[in-house]
Structures are given as C-alpha cells and as structure tokens.
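Next, two complexes with subunit A in common: one pairs it with subunit B, the other with subunit C.
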Partner chain A sequence: MDKKELQKYAHNLMFELSNEELEALEGDFDVLKAQLDLLNKVDTTNVEPMVYPFVLETTYLRPDEADHLLTQEEALANAPQVKQGHFVVPKVVK
Partner chain B sequence: MNIQESKNLGGAAFKNSYEKAQKYNEKLNAIVTFVEDEGCQNQQGLLANVPVAVKDNFSTKGVKTTACSNILANYQPVFDATAIKKLKEAGAKIFAKASMDELAMGGTNLTANIGPCHNPYDLKRISGGSSGGSAVLVASGVTPLALGSDTGDSVRKPAAYCGIVGTKPSYGRISRYGVIPYASSLDHVAYFTGNVYDAALALEVLAGRDDLDMTSSYEPVLNYSQLLDYDFSKLSFGVIDNVIEAMSNQKIKETFLKLIHDLEAKGAKVKHIHFDNDLLKALFPTYFIIANAEASANHSNLDGVRFGVREKGDSMEEIMINSRTKGFSSFIKKRFVVGSYSLFEENQERLFRKAQKVRRLVCESFNESLKDVDVLIAPASGQVAPLIQNEEKQDELTDEYLICENYMVFANFAGLPSITLPMGFVDDLPVGVNLSAKAFDEVTMFRCAKALEDVTGLKDLVKEDF
Partner chain C sequence: MNYQMTIGIEIHMELNTKTKMFSGAPYHFKKEANTCTNEVDLALPGTLPCVNQMAVKKAIEACAALNLKIDPLVCFDRKNYYYSDLPKGYQITQQFHPIGRDGYLTIKDEGVSKKIRINRIHMEEDTAKQFHLHDETLIDFNRAGVPLIEIVSEPDMHTPREAALYVEKLRQIMTYIGVSDAKMEEGSMRCDINVSLARADSEELGVKVEIKNLNSIANIETALKYEYERQSELYDKGETITQDTRRFDEKSQTTVLMRHKEGSIDYKYFPEPNIFPIALKEDYIKEIIAKMDELPDVKLERYEKKMGLSAYDANTLLSDKELANFFDETMKLCDNAKLACNMLVSEIQGLLSKLGQSLCESKLSPGALAKIVKMVDAGEISSKQAKEVLSAAIDGADPSEFAQKMGLKQNSNEDEILKLVLEVLNENPQSISDFKNGKDRAMGYLVGQVMKKSKGQANPALASRLVKEELAKR
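What follows is the complex of A and B.
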C-alpha cells in the first residue's frame, strides 16, 4: 500500500491526509493486512453475507400524515451560515 | 450509591451528583458538558429525581452534543434521543454529557478531543472506551446510572476496568433514535450501573419499541428487576475456553477459575466450550472491516454544510474537504480509510463481503452453543486497565490480543444481550467477567448475573479516594 493509494481512499472520503498521517498509515497497513489475512482461514463457501443480527420484521406502514416535523428555525439552528431562511454556501453554478 | 439510595435523596440528589462531578472532574476529565437542573418530570417514576450522566453521542435538546469530535464542537441538537426522552419520563435528571472516544470509534477513551479520561482506581490508567466518561462517573460514585453505547465492547470493557456493571441488551431492545451512529448493524444503546438489580431496573425504563428506529424490536418488555430470583441448580454456564487458553495474566485467569469453581460448588452446571480458534481469531478483523465501512458511510453527513464546524472554502467541495480534514483526528481518518479500502470495488468481495460471511458463521456458532447453556462466560479482558502512557504497544497479531481483548464483539454480531460485572481485584485494580445469553433473553442474563454477583459479593463498588 503506497501513499498515493492511501491518498486516493482519503480523497474518496473528502479529506486530505498529511505526510505524517500517510506515513503512519503505511505502517499500520502492514499489521492490518496480516489481520485481514486471518479471514481467509475461515471457509465461507456457500455462506450468505450477514447484514443485520436478526431477520425480524420491524418496518411498518404508518398513516400518510406529517409527523416529527422540524420548524424552519430548528432546521437552520445549527447551520454555520444562514440568510433569509436558507443555508448559505458558495455559488454552485458558475 | 445505588438507584434507590439516590431516589431517597429526592430533590437533593441532582445537586449532590452535580457538585461531586465538578469536584472530581478535575482529576477524572470525564465530562464534556455539565447540564443544569431541568426539574423532575415524574415524581412517581422508576427513576424519580435520579441524576444520570449520558455519553456525548446521545442527542440532548439544546445541550451541546459533540461526540468528542472537533467537527461537532458547536452542535446543539433540536430534539432528544428516545433514550433521553424515556429517562426524563421516568423522572431522571441529566446532569452531564460524558466523555467518549471520538465518534465512539475506539476502546481507550484516549481519542476524545478533550483528552484522556482517567480511571479512579489509578489516575495513570485508562478508563477504557469508548464510553469511558460514563463508566468513570459510576465507578467514582458520582451517579448510579450512566448511558453509553456499545458497538464492539464499548460499555462492557470499561465496566471491567472500572469495577462496575455494564449492560448491553439485545439488538433492537433500546431505541437508537437520536444516537450519533458508528456502525448501524452493530450499534447498541447500553449503560452502566453499580449492581445487577439497578441494571435490570434501568432496562425496564429504556427498552421498548420505537417507530423512529427502524431496527427497534416489538419484543415485549418485562419487569426485569422483579425476575431476578434464581436457583443455582437450574443455571448453566458455558465457559469459552479459547479465552482462558489465550490469556497470559495468571492472576486474572485464577480469579476467573475460582469463580467458576465457586459456581459449581453452589450447584450450577458448568460446561467447557471450545470454539474453532480460527473463527475466534477472525472476530477482530471481521469487526474492523464491517464497523469502519459502515462508519465511513454513516459519517458522510459530517461536512460542515448544514451543521457542525465549517472551515472556509471557495466551493462546496473545498468547504467539505477542509471541514473534514480539520474536523477529524488522524485516528478517525485512519479508520475511515480502512472502511473505504474494504468497500472499493476491487476489494469489496474479498474483504467486505467476506467479513459479512464470517459474521454469519460466528453467529451460527455462538447461537448453537447457547442451545446447551443459559449463558456463555469468560473474563471481560485479559488485562487490568492499561496505563495511559503505554510504552509497549500490544502485539496485535497474537491470540491474546485477537481473542482475549476482542472476543466480546460476538454479542454485537449476533445481537445477544451481554453484561460485564466485577469478579475481583488484581494488583488492586478491578477485573470483570462477561456473560452473554440468547437474543431477547435478558431475564436469564440478569438471573445468572445476579447469581454471580451474590457469589462474588462485589456490588456498588465506589472508588472516591483518588
């Protein structure tokens, strides 16, 4: 795993890694890869992936009525920048 | 102080906890935000006037909720998490938001943006994490009840290091609505108490179906605190032998084996179970892949645009990159990179899908073993709380690390109820034992835990002279 590849994963996640962070990660990946190899010691032929602990029906259909609404004030309460009831961000369409 | 003693103090309980917390926090560094007294909603409730601390990843209306991450340093939720709502409806009063590993992604509490949380038994040692602040506040006698969350062992491990009871009920038992997520298929609301009775009582308050959480269960909630009576001859414990075999600390091993001997002497049945060692060694990498992959997706909304700390940028993309680069610690970025790595197309089948398949085999294996015994039992850790300045990093490829320090995650994989309680002291530091039962059989888990507590006599342990 080289630094270029690690930076690719970081960019995919929308952040930058410093040189120091990249070097530390390079070292960590050696141990990590050895740990990941342990998965190959388990035979998973014909085993279905497991996504959640149980197969339990917990979803339901509720009446089509508005519920748990936030007011505009609440929705914007934590926004870093607000103007005339809107989130403010840099111009998107140039 | 247990819940009843706290209730007996009535309106004075809050002040008592609040003042104690302020005094102790200088040494413990367990609290992110102190919360003012909002009054008691229900004087007849099961938790009337009981002061409660909650991990800083529970949304609390109008009270800062940072998850100990810089990117959420200014975040004030506009609603209460369901667990918080239930606590308040039962008469409890929140007095503190407790420290945690950043975004709950750690097991030491060393990654909190406010600095390490200190263990009251030895301030040079960690509390354990990620719910370390909550654990420390119960262990130091500040509060009888504190909420945490448990994705791998984040309540059950700190409980062991701090000499208290840590309970993680079944997956879906307590609503996660309003809890900042880590890994959605593994996350559980969990909590700390001083004894098993209080743990059972707290579940009566916290459990129950919630339409706001799509994984919330319809299973009926029972009066757990009234169902603790047991008969030793009807209890059966399955010892996870792999954990004992991988453990090098002879004192912890002896403490555990004595406990097993005492249980047998009282008439309980004990069965030794040996799981496939390769399967147990695969627990940690399986967890690491699934948890980090889910976390990298869950936290894609932390971008400084609609909430959280925003860094400057000339475009949306720059704002997001700058906010996330500055807002996450190096530790978190590493975890996200691992998640992204396992989800990339070229690795997905080999890593992410493979981990999900191993997870199924783990669950089948542990569920099968629980057909023969009431609970599975093993020490909660192979070590006492490590030092904060740990010069020697543990070798992360040994059986000791992979099994002893990480096996409890099987209960997250399978959604099983699991509880840690004190089993003794080694070198003047508490050590814990863990029990796990069949899914939604909290009654049996609490009964076995109560029997164990009666055998050790260790309950309501408080360490205040630090």
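What follows is the complex of A and C.
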C-alpha cells in the first residue's frame, strides 16, 4: 500500500492525511501485509469460505414491540451542534 | 423517428411496523425530530442490530402477493458508504440473498392484461432525513432504521401509462395486504425510474437515464412523457444521451439534471457479521401466507362473479380499502350486495362529503347499514325513506329505532292501499277522464295523491300497480 493509494482511500472517506500520518500508516500496512502473506501460505484447497467464525443457525426474530427509546435531549447529547432538535453538520450537497 | 421506450422501476416501501428494522425504537411519521431513536439507530458504540419479526413477516407477505419465490434463509449484507444520513457508515441490506426473487404482477389497460416481471424484493433499513439549509444540513434520525422493502422490476414497461399502472397496482396491493401505507406524498413509497430510448428497429437498449423525486403517480406519467420528448429530440438531432440522474421538477413539470453518472460507486458489500443467517421454518412461511388479507384482484373477482356487482361498482369499492372493508363487513350481515353497494357508493358518500367526514370518522357501522338494507329488502321502508334513515345512522342512530320513532315505515298491505286508491279515484274524476284521453301524466298525479294520503308510507310500486289496475276497470 503506497501513499497515493492511502490518500485515495482517505479521500473516499472524506478526510485528509498529513505527511507524517501517511508515513506512519505506510509502515503499519507493511507489517499488516507481511502477516496477511503468512496467512496466504496456508493451504485452503477444498475448504469452503466461511463468513462467520462458527456455523450457527438462528431462528430468533425480535417481536415488534416498542422497547427502548431515547428522549430528544439524550439523542442529541453528543452532538457538537444542535438546531431545532436536529443534528447540524456541514452541508455537503450543492 | 419512432423510438421504443424501455422502463424499469425500483420502489422503496416503508413497512408499517411499530418498531424499526433492527431496533425496538417505535416510529411514527411526523413526530418531532430525533424523538424516535435509540442507541442502535444512532450507531452508538456497543450496539447490535436485532431483526424485527413483523418486518420479515410483511416482507414475506409482499413477496407472496407478487408471486416471488421466498428464500427461507434470511441473510443481511453491508452496503458501505460514507454520508451523514447513515450514522453507521453502512446500510444493512440484502445484497446477496434477497428475501424474494422472480415474481410478477399483472396490469390491466383497457381490458388488456400484461405481466410485469419483478426481479427481486429485499429488506433494508431507511436512512435519516436531511434538511439542506443555506450553509448547513440538519439531520433528523427518526426515519433512520425504519424497515423498507425494495421492489425491483424487470425492464418490462414500454409506455408512461404502463409505468403508472404498474406503480398504482403495486400501491393497491401493498395497501390491501396491509404491509405499507404506501403514501407517495409522505415518502412511505418512493419510486426511482430507469428509462432508455432506442430506435424501434434496434435490438440494443439505449442509454439509461434515472429519474428521481417522483412523488405521485400522475408525475410518473408526466415525467416519462417528457423524457420521451427530450430524448427523442436529442436522437433526432444526432446527439448522444448521457447516463444521467435527473429529478422531476414539479413546477415546470419536466425533468432536470441532478448529476452525471461518474462510474459506479463501489459499495464494498459483504455479509453483515452482526446478524447470523436466520432460518425460517417452512410452516412459519406457509402460515403467514395462509393468513394474508385477500388480494385486490381476488376481491374484484368475488364482487363481480359471486356478488353480481357491475365492473364499475366493484372497482369503485376497490378503489378505497376502507370502503371495500366496510362493504365486506356489511355483507357478512345481509344479502343484497347490489343495494348495499349502491347505498355505500352513492348515498352514503354523498352524505359524508356534505358533512366533510370520511367513512371511518362517521358513526355509521356495517351493522347499521346491513339493517337498513334488510329493511328496504323486506319492504319495511321505501328507498326514499332509507335515505332519511341512512342520514340518521351516520349520526349514530339505530336504524330500526329511528324509523319507528319517525313513523317511517312502508305500508305494503294491499287492502289498506286499495282503500286509499279507491278514495283518490272517487275524488278525482277529472284525472280519470284525462287519463282515458291519453294524458299519461294523470296517472302519476293519482299515485302521488295516494302517497300523500298514506303520509308517504304506501309502497310506491304497489300503489302504482293498484292505481293502474283500478283505472283499467273504469
């Protein structure tokens, strides 16, 4: 993973990375990649891909009954900026 | 030049459950901002989604109503994108294993039926509502997490009218089986249309244009007619169509460019690790389908074939679910479908519109209507008197008590009415000779006199017959 690629992913997620951060991340990814390469050496012939760590069939569905509700004040408690009961964020559409 | 239009439609429909798709927070449309959320909807750390049983049930019902094959293993996936209407940074949806595949519905245009295939129905969660102000955006998370189904058609429609009929039919079916309010104006049913134009003799499809912001069925037809004009003009001039997303503009009744399509976004779909696949038992699915409300097409057939209503009457009842249900309840208590239907669609609707009430707001009950139908059927009251009784029943009066109190009853006793007829004839020799001289109107006058003498209680048909018979004797 080179700096250019990292910058691209950062842009996709709409944030900027400083040069120092890019350096540090590049180093981190080298380590990560080396470890993933180790995994790639494992022979997986005839092994089905798994999504979950263990096979467990569930049947539970939650009954459609109201349980837990936050007040408006609680919902907005972490918001840096609030207006008329709404979260306020920078406008990103034209 | 003539072009062939090809239309495919994606519809998002909010399921009318009490709580959200993955959280137990109750949701109501039009509540104050951010008062229908909990930690799951706001994606606070440490929360886990938990699938709503009712949402799954309603999705199954939608699939069954539209003839889709249902996947008994419910799986969810993540659709990753970064936007402020989605606090988790991803939407939980069913990308790889939709709950239903390969269905259809049938539209009917001037007696001609056409099948429109449905590719898939999948469940997902709705996003937050954003209000874009001058220089900032306000977010209301009430809608975040509301259960949705997305219904994806095949590109089987070729005219604006077919598209409108398809959406109308879907709306009707979904409201009838009670899975969604399907109100386009309130956003509980949202419609995106893909449309392309190609030369009529061409094998290939044209460039796809997507139209958003269609908030009524009439607008769907208008927008597509406009697109046909716009695109065919461009083709005629030898210009190319770009793959755009456009939106319908209510004011100008046209479509306007929203954005050019810049490569497709990679949503990096992967199976949702927080929700294990849920296996639905075959019996569970069967039971849900068996207990479903009657589909509108089945109801229509029942009204026309079994009850003998005209196509016009049957469709009038069907156009309003409330009306159709009221009619069905009434018919459990009386037999004369035609009379009950007439009273409902003409007299009762007329009285209600004068009062500015809807059927469910009024005090009229199916039981009361059934009583009035029976009273008319048995000849106890005339159809004219029935109107008075109906009017009272809408105010909550009991029909038989009201009729008795007001002395509204129909006299069908032949001896009593004959006595009145003879009296009238003896009092009006001039009318008799007028009648004999060919003035048919004279008979109407005489019947009117009989009705007057009976204080409006004589059975008009009987009075009329007796007057005619007696006139013939003189």
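By our rule, the second predicted complex is superposed on the first by the 75 of 94 C-alpha atoms of A that agree within 3 Å, B and C clash if a C-alpha of one lies under 4 Å from a C-alpha of the other, contacts with A are read in each partner's own complex, and residues count from 1 in each chain.
One rule holds for everything that comes next: a residue touches a chain if its C-beta (ideal position, glycine included) is under 8 Å from a C-beta of that chain, and two chains touch if they have at least 3 such contacts.
The model shown is predicted, which means the values in this text are computed figures rather than measured ones.
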### Message
With both complexes overlaid on chain A, does A:28 touch subunit B (first), subunit C (second), both or neither?
### Response
first
### Message
Contacts for A:9 in the overlay, against subunit B (first) and subunit C (second): which applies, first, second, both or neither?
### Response
first
#### Entry: First (subunit B), second (subunit C), both or neither touched by A:52
both
### Message
For the overlaid complexes, name the partner, subunit B or subunit C, with more touching residues on subunit A.
### Response
B
### Task
Considering only touches as defined above, state whether A:41 meets subunit B (first), subunit C (second), both or neither.
first
### Query
If you stack the two complexes on chain A, which partner ends up touching A:60: first (subunit B), second (subunit C), both, or neither?
both
### Message
By the touch definition at the top of the document, which applies to A:72: first (subunit B), second (subunit C), both, or neither?
### Response
second
### Message
Between subunit B and subunit C, whom does A:93 touch in the aligned arrangement: first, second, both, or neither?
### Response
second
### Message
Looking at A:85 after the superposition, I want to know if it touches subunit B, subunit C, both of them or none. Which is it: first, second, both, neither?
### Response
second
### Message
By the touch definition above, which subunit A residues appear in both interfaces, subunit B in one complex and subunit C in the other?
### Response
12-14, 51-52, 56, 58-60, 62, 68, 70, 75, 78, 87, 89-90, 92
### Message
Can you tell me which positions in subunit A touch subunit C when the two form their complex?
### Response
12-14, 51-52, 56-72, 75-76, 78, 83-93
### Message
Looking at the complex, which residues from subunit B come into contact with subunit A?
### Response
74-76, 78-79, 171-172, 185, 211-212, 214-218, 278-279, 281-282, 284-286, 288-289, 296, 300, 303-310, 313-321, 324-325, 328, 330, 333-334, 336-338, 340-341, 344, 351, 353-361, 363, 396-397, 402, 412-415, 439
#### Entry: subunit A contact footprint on subunit C (complex, rising order)
17-19, 23-26, 32-39, 42, 44, 50-56, 82-84, 131-141, 271, 273, 276-281
### Query
For subunit A, which residues are in contact with subunit B within the complex?
6, 9-10, 12-18, 20-21, 24-25, 28, 31-32, 34-36, 38-42, 44, 47-54, 56, 58-60, 62, 68, 70, 74-75, 77-81, 87, 89-90, 92
